[in-house]
Amino acid sequence: MTELLLIFISTLLINNFVLSYFLGICPFLGVSGKIESAIGMGLAVTFVMTLATSISWLIYHLILVKFNLLFLQYVIFILVIASLVQMVEMFIRKFSSGLYQALGIYLPLITTNCAILGAALFMVSRNYSFLESVVFGFSGGLGFSLVLLVMAGIRQELEDADVPRVFKGVPLTLITAGLLALIFMGFSGLFSSI
Amino acid sequence: MITTAIITLGVAGFIFSLTLALLSKRLKVEEDPRALKVIEILPGLNCGACGFSGCRAFAEAVVREGQIFNGCLPGGDELNQQISAVIGVTACLQSKSQVVVCRCGAEASEKKVATDYQGLLTCRAAQITGGALDCLYGCLAFGDCLKVCPVSALSLENKKIRVDFSKCIACGKCIQACPRNLFELVPWSKVNDLYWVACNNTEKALKVKKVCSRGCISCTICAKVSESPYYIKNNLSYLDYTKLSSETPLEAAKTKCPTKCIFSAKNPKGA
Amino acid sequence: MNNRDNFLKGLWSEHPVFRQLLGMCPTLAVTTSAKNGLYMGMAVIFVLTFSSLVVSLIKKIVPNQVRIAVYTVIIATFVTVVDIFFKAYIPDMSRQLGPYLPLIIVNCIILGRCEAFASKNNLKKSTIDALGMSAGFTWGLFVLGSIRELFGSGMILGFTILGKNYNPLIVMILPAGAFIVLGLLVAGMNRLEQK
Amino acid sequence: MKETLRIIGVLTSVCLVCAFLLALVYSRAAEKIEVNQNQRLKTAIANLAPGAEKVEEVSLGDSTIFKLSDKKQKLIGYAFLAQGQGYQDKIAILAVIDVSFGKLSGIEILESSETPGLGGKIQETDFLKQFKQLPVNNGLECVKTEAQADGQIKAITGATVSSRAVVDTINKKLVVLKSEIKNLK
């Protein structure tokens, strides 16, 4: 149990996907303009990431390891993720038009979100058990949403700020992200035994 | 090993493609083919001027409700007629299409500024703090309106807003953005060139002259031309767009204006 | 657009890193040193060129529903080839790049270029475009890596530049430094553009 | 139906072709990769235990351990792998210990992606040499001041987490191995 909690907190805050592994930067820069879209994207990523890590774990341990086909892992993982995203899109489109309105447009973006594939690869390289992988995927997605949300809030405020013209837009966002990364480093003091 | 690899990946590919193919059939959302048609016709700017969250939402609403609401503003009459044809209703066409004009025509040299403004460089901020412009009605020229225009029809020239009327889609976003309410939707008449009064200052002449050399001094000259569509209210000249016909002496009044604050533009869409 | 312009646009006017802000994850993650950036860039050149080539060959027969899946599988294949090559011949670099090498698969540059360019243009054009884009990507990574290595450890490509007494700015090598340096570089690019 | 077949056909055949290509490339390179990995292990062991002529891999409980013997076939110690979570990612360590499990001959970091310049310093000699001939009868301990007692390791300034990760990883593995070493004949 402690192990799981440790993975949860460390993935959520200390080794945050965006700020310390640089995963999912593209949507992080693209979708963090508005709070509503940040929430939508965050939810979609968390959902798909949890699902993708669990299925990838099953495939990796039940098929790839058994048949000694580890070199196929990238291809299989990406196949899982791409198909999964598409299926999820079809499902919520059919059964919940409200949810589709909210998340629909972000789903295609997720396939190319490196955070999802990254989560699957990290989970493998760290030898996580099934339960640990699920927690890892979930907290990774949650951490992504958290940073996206914080960033969107900051960016909305920054819109009215008087900054030199060359810094407007992306440069300012990147530098803000840098400062955020520094702040999140402070969380590493949370535990003395990680 | 080659064989196992091929079998594994082949089976995986087969399973996923099968699921996808079946799901895409089973879960197919019966989308109204007319909605797809409407989406195809629409320009896809997602400007939101129609009042819906985007072109797609607009198209779905059009098909569902069987009416075209206010129509697609960027698309204009022609496109709205096409949409109406798709859903089988007669378009409630706007009698004339519209464009925005900016009611401040003063350039940098004409606007007076007594103080050295140091605040935030946005109109909204300057409106609250004051000090960026002596005239309390005129354009602050930090370009809040430029930022919201979805088609980049607005530009700042010498601290004066210039509207590219061929680009303007009359979405009204600049009207909301301008803290001084300088934008006005005016009919894009097919019989005349476009005329408008480029001042919004309702102070008396003396006070206007103190802050701007371009402002309307309510001298009433424009209103005194015979058959004039101009009238004076609150010390400011207005143009009554409902009175326009091909004989209206718009140009005569413009040339007589002593402060040259009546502006005009050629009608690029043609008569 | 002739072939020369088509190639050159990736190097400057439509630079993937500084202008289009594509492929940010590897850009930031592996540029702790100039050498890493260089190797990563070369891997991208290989993958982008070949996958663009294949995608523009098969674009007509791929049905829409599985378009993304097919493209990603193709890209993943080439990435795995690079990965195997690195593991076999330059194992040190393979360890350094770690999971960021396979993450080329979801590098937005590659899928973006395949989607936006290779799936609409002919073989020759998309290959040239791919070469230009990935070459641009490579020099972007190299510059970013050099700056971070220079200030973070006083060296470039392993050669000491700033002398023994230089006290390294460790923040440059940390994630925070990556964001900040890239932000400054993009701002610099904007400045050049304005003139 | 035709559409369905096309979807299945295209994706499956793309997968087949890719699998074939990959298997081909991999089968060519597999040997080389294996050699690379073994090579690393071998050089690491040779560095830490110069006298070891013969390295024999045996499994012990859940873990693998390497028996090291000298020219005269005399057992001179063991080498073992330990893996733990560092600050960034996992850290893989190779350690060599004497026959009685009382003294470390030294350790080497095989894999780590700790922050260069901070946690990355665990790979540098200044840190690693502390483990040379280190008595570990009472386990290891990571301290922030100069090491005074047996088994103490001075943490790298600014990289306490990484230093502690190394020490703890070895410690954990040592405890496990010590209890199981009796089962090895």
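The letters A, B, C and D name the chains in turn, as written, and every chain counts its residues from 1.
Here is the rule we use: contacts are C-beta pairs under 8 Å (C-beta built on N, C-alpha and C of every residue); 3 or more make two chains touch, one makes a residue touch a chain.
Treat the numbers as computed from the prediction; the structure is a model and nothing was measured.
Counting C-beta pairs in contact, the pair that comes out ahead of the other among A-C and B-D is A-C.
Averaging C-alpha coordinates per chain and comparing to chain A, the farthest chain turns out to be B. Chain A and chain C have CA centres that are 21 Å apart. Spacing of chain B relative to chain D, judged by their CA centroids, is 66 angstrom. In this assembly, the C-alpha centroid of chain A lies 29 Å from the C-alpha centroid of chain D. Centroid to centroid, with C-alpha atoms defining each point, chain B and chain C lie 41 Å apart.
Shown for chain C are the residues in touch with two or more other chains, namely 65-66, 69, 73, 76-77, 80, 84, 98, 174. Counting partner chains per residue, chain A shows two or more touched chains at residues 20, 71-72, 75, 79, 83, 86, 122, 125. Residues of chain D in contact with two or more other chains: 3, 7, 10-11, 14-15, 18-19, 22-23, 26, 89.
Taken as a contact graph, the chains are fully connected, with every chain touching every other chain. The touching residues of chain A, counted against chain C in their complex, run 19-26, 29, 71-72, 74-75, 77-79, 81-83, 86, 108, 111-114, 116-118, 121-122, 125, 164-167, 170-175, 177-179, 181-182, 185.
By the touch criterion given at the top, residues 21-26, 28-29, 65, 68-69, 72-73, 75-77, 79-80, 83-84, 98-99, 102-103, 105-108, 111-112, 171, 174-180, 182-184, 186-188, 190-191, 194 of chain C touch chain A in their complex. Partner chain B is touched in their complex by these residues of chain D: 3-4, 7-8, 10-12, 14-16, 18-20, 22-24, 26-27.
Those residues of chain B that touch chain D in the complex are listed here as 1-2, 5-6, 8-10, 12-14, 16-18, 20-22, 24-25.
Chain C makes touch with chain D in their complex at residues 32-33, 58, 61-63, 65-66, 69-70, 73-74, 76-77, 80-81, 84-85, 87-89, 91, 95, 98, 152-153, 168, 170, 173-174.
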